[in-house]
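So the structure is just underneath, and the comments pick up after that.
When the chains are written out, they are named A, B, C and D in that same order, and each has its own residue count from 1.
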Amino acid sequence: MSSISLSQLLNTVADAGVELFRKSSVKKITPVMLISWCEELLSTAGEASGITLARQIVNGYAALSDNEKLEFFRTLKSSYEVDIDKIVQFANDFHDKQDGDSYSKLFAAVESKRQEIFRRINQAPDGISTLVSMRRDLLRLQREDSNLTVVEKDLAHLLHSWFNKGFLTLRRIDWNTPAAILEKVIHYESVHEIKGWGDLRRRLAADRMCFAFFHGTMPDEPIIFVEVALVNGMTESIRALIDSERNELDPAKADTAVFYSINNCHEGLLGIPFGSFLIKQVLLEIRSEFPKIKTFATLSPVPAFRRWLARASEDLQVSHVTDDEQKILELIDEPQWYENKSTAQQLRPILIRLAARYFLYAKSGSEPYDPVARFHLRNGAKLERINWLGDLSPNGLKQSAGILVNYVYDLDEIVKNHEEYSSNQKIVVASTIKKLARKQSGQ
Amino acid sequence: MSSISLSQLLNTVADAGVELFRKSSVKKITPVMLISWCEELLSTAGEASGITLARQIVNGYAALSDNEKLEFFRTLKSSYEVDIDKIVQFANDFHDKQDGDSYSKLFAAVESKRQEIFRRINQAPDGISTLVSMRRDLLRLQREDSNLTVVEKDLAHLLHSWFNKGFLTLRRIDWNTPAAILEKVIHYESVHEIKGWGDLRRRLAADRMCFAFFHGTMPDEPIIFVEVALVNGMTESIRALIDSERNELDPAKADTAVFYSINNCHEGLLGIPFGSFLIKQVLLEIRSEFPKIKTFATLSPVPAFRRWLARASEDLQVSHVTDDEQKILELIDEPQWYENKSTAQQLRPILIRLAARYFLYAKSGSEPYDPVARFHLRNGAKLERINWLGDLSPNGLKQSAGILVNYVYDLDEIVKNHEEYSSNQKIVVASTIKKLARKQSGQ
Amino acid sequence: MSSISLSQLLNTVADAGVELFRKSSVKKITPVMLISWCEELLSTAGEASGITLARQIVNGYAALSDNEKLEFFRTLKSSYEVDIDKIVQFANDFHDKQDGDSYSKLFAAVESKRQEIFRRINQAPDGISTLVSMRRDLLRLQREDSNLTVVEKDLAHLLHSWFNKGFLTLRRIDWNTPAAILEKVIHYESVHEIKGWGDLRRRLAADRMCFAFFHGTMPDEPIIFVEVALVNGMTESIRALIDSERNELDPAKADTAVFYSINNCHEGLLGIPFGSFLIKQVLLEIRSEFPKIKTFATLSPVPAFRRWLARASEDLQVSHVTDDEQKILELIDEPQWYENKSTAQQLRPILIRLAARYFLYAKSGSEPYDPVARFHLRNGAKLERINWLGDLSPNGLKQSAGILVNYVYDLDEIVKNHEEYSSNQKIVVASTIKKLARKQSGQ
Amino acid sequence: MSSISLSQLLNTVADAGVELFRKSSVKKITPVMLISWCEELLSTAGEASGITLARQIVNGYAALSDNEKLEFFRTLKSSYEVDIDKIVQFANDFHDKQDGDSYSKLFAAVESKRQEIFRRINQAPDGISTLVSMRRDLLRLQREDSNLTVVEKDLAHLLHSWFNKGFLTLRRIDWNTPAAILEKVIHYESVHEIKGWGDLRRRLAADRMCFAFFHGTMPDEPIIFVEVALVNGMTESIRALIDSERNELDPAKADTAVFYSINNCHEGLLGIPFGSFLIKQVLLEIRSEFPKIKTFATLSPVPAFRRWLARASEDLQVSHVTDDEQKILELIDEPQWYENKSTAQQLRPILIRLAARYFLYAKSGSEPYDPVARFHLRNGAKLERINWLGDLSPNGLKQSAGILVNYVYDLDEIVKNHEEYSSNQKIVVASTIKKLARKQSGQ
């Protein structure tokens, strides 16, 4: 490397860019080459030509197959092991001296050189996107090789720090947003699929809002977004919100904002908690623009309900289902059961009661079994209402038995609710739901 | 805290904002209060009301006196000590298990909770500025209490990661830049003082350029900036560049870009290496806009020259000064000596020769004694020329005996030069300077 | 009116805005009311509350029916007649005095007060859009009442002055353009229909370009736009350009830019010559971004060809069609004739020859019969090639018999060609087309 | 010209740009050349190469001397005379036919070709600035040759139409405004001189506001701007507002906005009424941002007071000055008279009374003698208060005898006041001023 000049590199690598690696005339980038560039990034030469090297790695990584990525990450793992003896020695040194120098040494001993490699890759244009992709790949590949978890943790730590709330900007998404970003919104929406540009446009109508967090270095990439409907009264069903025939409401007359879809856009950012900030900041935005809106609620799926239901017979303590009810419950496996009035009528009281019990008693550890419930309750929301036949999409039926629920965010209660939930494991629900849950089977 | 609602907080703290803490009616924020808020930031309640708490801390910190800051940081130090036993235990655990879980535990054990506190403070508007101020304060205060170094290291680590090159944007500063930013350029320029708006305007004329790095979260704060003059031939003296009477050159006709002033703007970011990136990126910018420019050079001070000179008599090995010369050298203490032709004539050959020796032989450890030389040589530049009476400002005379030098950045040599310097401790200089340095005294 | 205060007006009209006029509770705006507001706009009170009045007119006009508009314009016509006697008197005065005062009086006498009304309407937000709509309406309504032409001319004169090239900005339309603008591009494209967002996206791919003129006061409204394809060699058929399966070309490798669709977006701006400027400015833009592009050509319809063909039998002098050929020509009325190989083979030589004659000899006054030919030839282009079966869309068959042609814009010839055309009525065509036109029937 | 191609032109003229005309190697542009280009602009060739020609004219005009400009405009005058016979003929034609065609002909006959030349010059980059400069020059040069008034009127008519309120945008000027614009604010302020950047910065402090109108084609050129102070109670003296030592007020606590300086920036736009719109739009802006502000007032000079005073002895009817008073009045010619307590005490009642009479009775035609009074009263303001020793600047003493006055803009009275003034010639003043004016001399 030392014999290649920076300008040569800039001419051959940077300008030619990604192209370089796609042309048959250029020899294939291998994991070994990538590792050697990473090594160089850490070296003295790396200081002078860091950006160019980082660019090579960014471009090279994009062209690797999954097997090659596996090899690349395995080498990253094995080549930059932390030295346990050193850690112990430096820990003791620091204990004795308590000075900055020994503290830095201890810290450096624990922080694998991988983190410095990742930080330097970040110097390249698109470096951050590559790192996000790498983490996505690692989350997938570590299922094949659990050794990679250590590498994934390094990356996770950095991304967690870099995608700190302080570096995110809230931006409104509307019909004046560039098409390139709107296209991504269509792509990333996974709760209630957006069926083309016509559907999107309706979701950006005057009585609809969409907000996303963006990161300064990825200005065209929404990180997480939420779709909101301004309505009168809490909405019960998703169809009422995204129907193509619905009438627009004058937003100045709405009294309720319904958050009906929240989507994380990047698997590589899994576990970094954006959602809670997003909801609260959007809530404040809406409140300041539309002071007449008094209720802030979600319209949320119950994604683990039927999974739990399938095992409810085993979990009689929780479910309290009679044999008769059990038979009725089997009707739910019939296709289009909800269109059969009698079936629906029979199922309704049983499923609603079971849903109430599910929220209050079904647990995963000390928290609710339902992941969406865990998210909103931890954020300080209250489970307000269970809506029968709220979502008749295939997915909605399969996961939630067609049920949707409303969580309510009350600014005056958020901190208290959050405390109750976090410190006392209390599930904050409306009294009607509590009552439902206490009902005996057959009542 | 738990009994205060988020909306109450928002109303009382956020909206009232900084004001709150400046009014006599509100009780004084104490270090103890700040610490309790930091503690809360880490708690479960902190999750729900993090931004509000962070805001309180940001506002509160700004109002502390130095003594109170000292107390605040001391408590931060003592309250969040890392647990050495745990580190040793987790290190051994990780050694045995090699899994992600034990790795995370080890990492968490070494990373003081302070870092998480700082990350959460960053969620507040202006959080990042506060953290940069905190580090500036810590660098000052640790002279009084060396225990604070540990806290400073935590902050340094975070800032290093957050001010990664990948998060910096190069922006041109010119006469269309907002006055609020230009005012800061005037303020932060410390190499060659900018004497008001007229002087600034001349430095932004058509044959002048100024570039700065900005961080996404501080859009109005230059991080580091460089001033460049487009000229014909390498410039010898600073007066030629900033004189109020000079004639403008058609920039399309320049053959040389002279980087005559580089300024770091924030003490709190000390030690984070922006300068090297800035010079190279600006160089590429200029090359692409003005392809006729072939030479990229600095016009740099020699800030440690006279300090070294004062001790040169003790360091005869390096200085080789005869007694006669020593006497002449004393003339340099006379005021305005450079206006006395005979004095200047006598001093010139001696000082030039000594400067050459100074660059080649005077060391601080294995590196050059001169800090500016260390910076540019490490970046891959070459010391090209020593300029007699290049800077007659009081500071230029006091530190550099009026001497300025040119370092040249040649894109085809940067990596090689950097290698020579870093790996072989070689000082890359023009042969004329080498010859000067080899001259015997009296020659 | 004079008893209503500005603030009252602002509160009742402006803030309530358009709403006011849509609510049943508010009495219907009538043409008489509009006229009274126009009158007031001209009065002294109008000076003080001009913007509010203009706003009322803008909102009120939007709610009128066609009959009401007719009434409104008729009154505008009759109420602000110019006074012929005064004109004659002032003309003579000016002749005698030759001073500025009498000149202004003459000018003012000829310029109907309507123009001042229109200028004041323009003070309202959206005033300009309203004026453009008014002219569109006038162009339609003057077919019913030719008296309105005078009003239309007033408006045309103002719009011509306001949409001066100096007030238009060229902007690139691409996938980063706001969806609200892209939607309008889809809507306004009438040469080669854009079939939804997928089609649009392909027309904005890396080897495609789209440019539009915008006016400062209507930042979201393209005025005219052109779609360009970067290709190798002049394209013969529209399908090759807009096919959904086509392969993208690396734009850096293209040698030809094909302008395949130019669209005026606003009927109300009919007759204001944007197209010529647009083509030339886009040509310069492309040339500066892609210096390898040497040929700038259009792919254009021949919209009056079949209309002329239908009368060609009457115009034997020009068409020279034999009886046998005449019979073959009738085949063109069969549906899908172009898919019948034998039919197509028979028609081809005859239609191509006739097209050549059409371009060279068919006239409307002293200019070519074909409107697109008139436009491009006047701009200084040259008719380069006639393409058989270039456009098989229903419209393309119906108007152009499936023929498309290429006009070439050669920067070194534009002024000369334009001169030849304008001063000498010369049709600048390729020699091959000249030869074709000279061919005898049956050859 | 016709033999020069567009691309040649573009290469030789446009790219070389202004430079071309400043170099000695290029032959001097003469008025004759300019005229020939104007002629060409109107010709058929002009259609094809209009922008290039316009550019030549723009660049060429900038290099003319005053004498050459005079020659240029004289030729413009004589070469494009309107044809009186044609006007009379077309007027009669239109009278008979009443159709659009004859209307257009009449209009075209009256509108000199000069207007079309000016419209085409506007197609050049900077065309509009050139036209504004031309009008400024014409206003000056017509004093030498009154024949030019006709040309000036043509230009005035176009600029009036183009600088229509609908094309102006209000922008806030603050410390984040580009320095290039702020520099112009310093330059254009002529009411109360801005003494450098420090003074400017104080005028942009938190309790100060500055707003300007901008035109879309001149984004860096303020057209007119107003400086506003947010204060408590109407301010009496200018020193209180621009003093370098004053304390900033929390703007949220202000109850009054004082418009203390309005400046037109371009002489070439003289007579186009921006000021009235500016004041009202700024007033609405401030009201919406600071709802607590109840009073909107000016602090205005009385620029013709001393001119009138000098003649007041002749105008005894109006002034009612006794001989004793006349003697006292002579003290005003002593330098620094206002610092002499006794002088000031003697002068005060007399001057205040005379000022009151001046406002109520001194006339220029049917309007007030004072130009600033004419402007504000016509806008619907009310003269509220006369302030003794409000402006002790040399200019303030020389023109206004140190007096400043407050006009008050009350949104609920503006239309009524304007009507009273315009229709009934009523001077709307506070009753205290009325009383003062009625006072007998010596009282």
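Throughout what follows, a residue touches a chain if its C-beta (ideal position, glycine included) is under 8 Å from a C-beta of that chain, and two chains touch if they have at least 3 such contacts.
Small disclaimer: the values here were computed from a predicted structure and weren't measured.
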Original post:
To get from chain B to chain C along touching chains, fewest steps?
Top reply: 2
Original post:
So, what's the distance in Å between the C-alpha centres of chain D and chain B?
Top reply: 49
Original post:
Using the average of all C-alpha atoms in each chain as its centre, how far is it in Å between chain A and chain B?
Top reply: 38
Original post:
Where the centres are mean C-alpha positions, what is the separation of chain A from chain D, in Å?
Top reply: 59
**OP:** Return the residues of chain D touching two or more other chains; collapse runs of consecutive numbers into ranges.
**Re:** none
**OP:** Provide the full list of chain pairs in touch.
**Re:** A-B, A-C, B-D, C-D
Original post:
What part of chain C is in contact with chain A in the complex they form?
Top reply: 175-180, 182-183, 196-197, 201, 220
Subject >> chain B partner contacts - residues on chain A that touch it in the complex >> reply: 1-10, 44-45, 47-51, 82, 84, 87-88, 91-92, 94-95, 98-101, 103-104, 106-107, 110-111, 119, 122-124, 127-128, 142, 146-147, 149-150, 152-153, 157-158, 161-162, 164-167, 216-217, 276-277, 280, 284, 378-380, 411-416, 418-419, 422-423
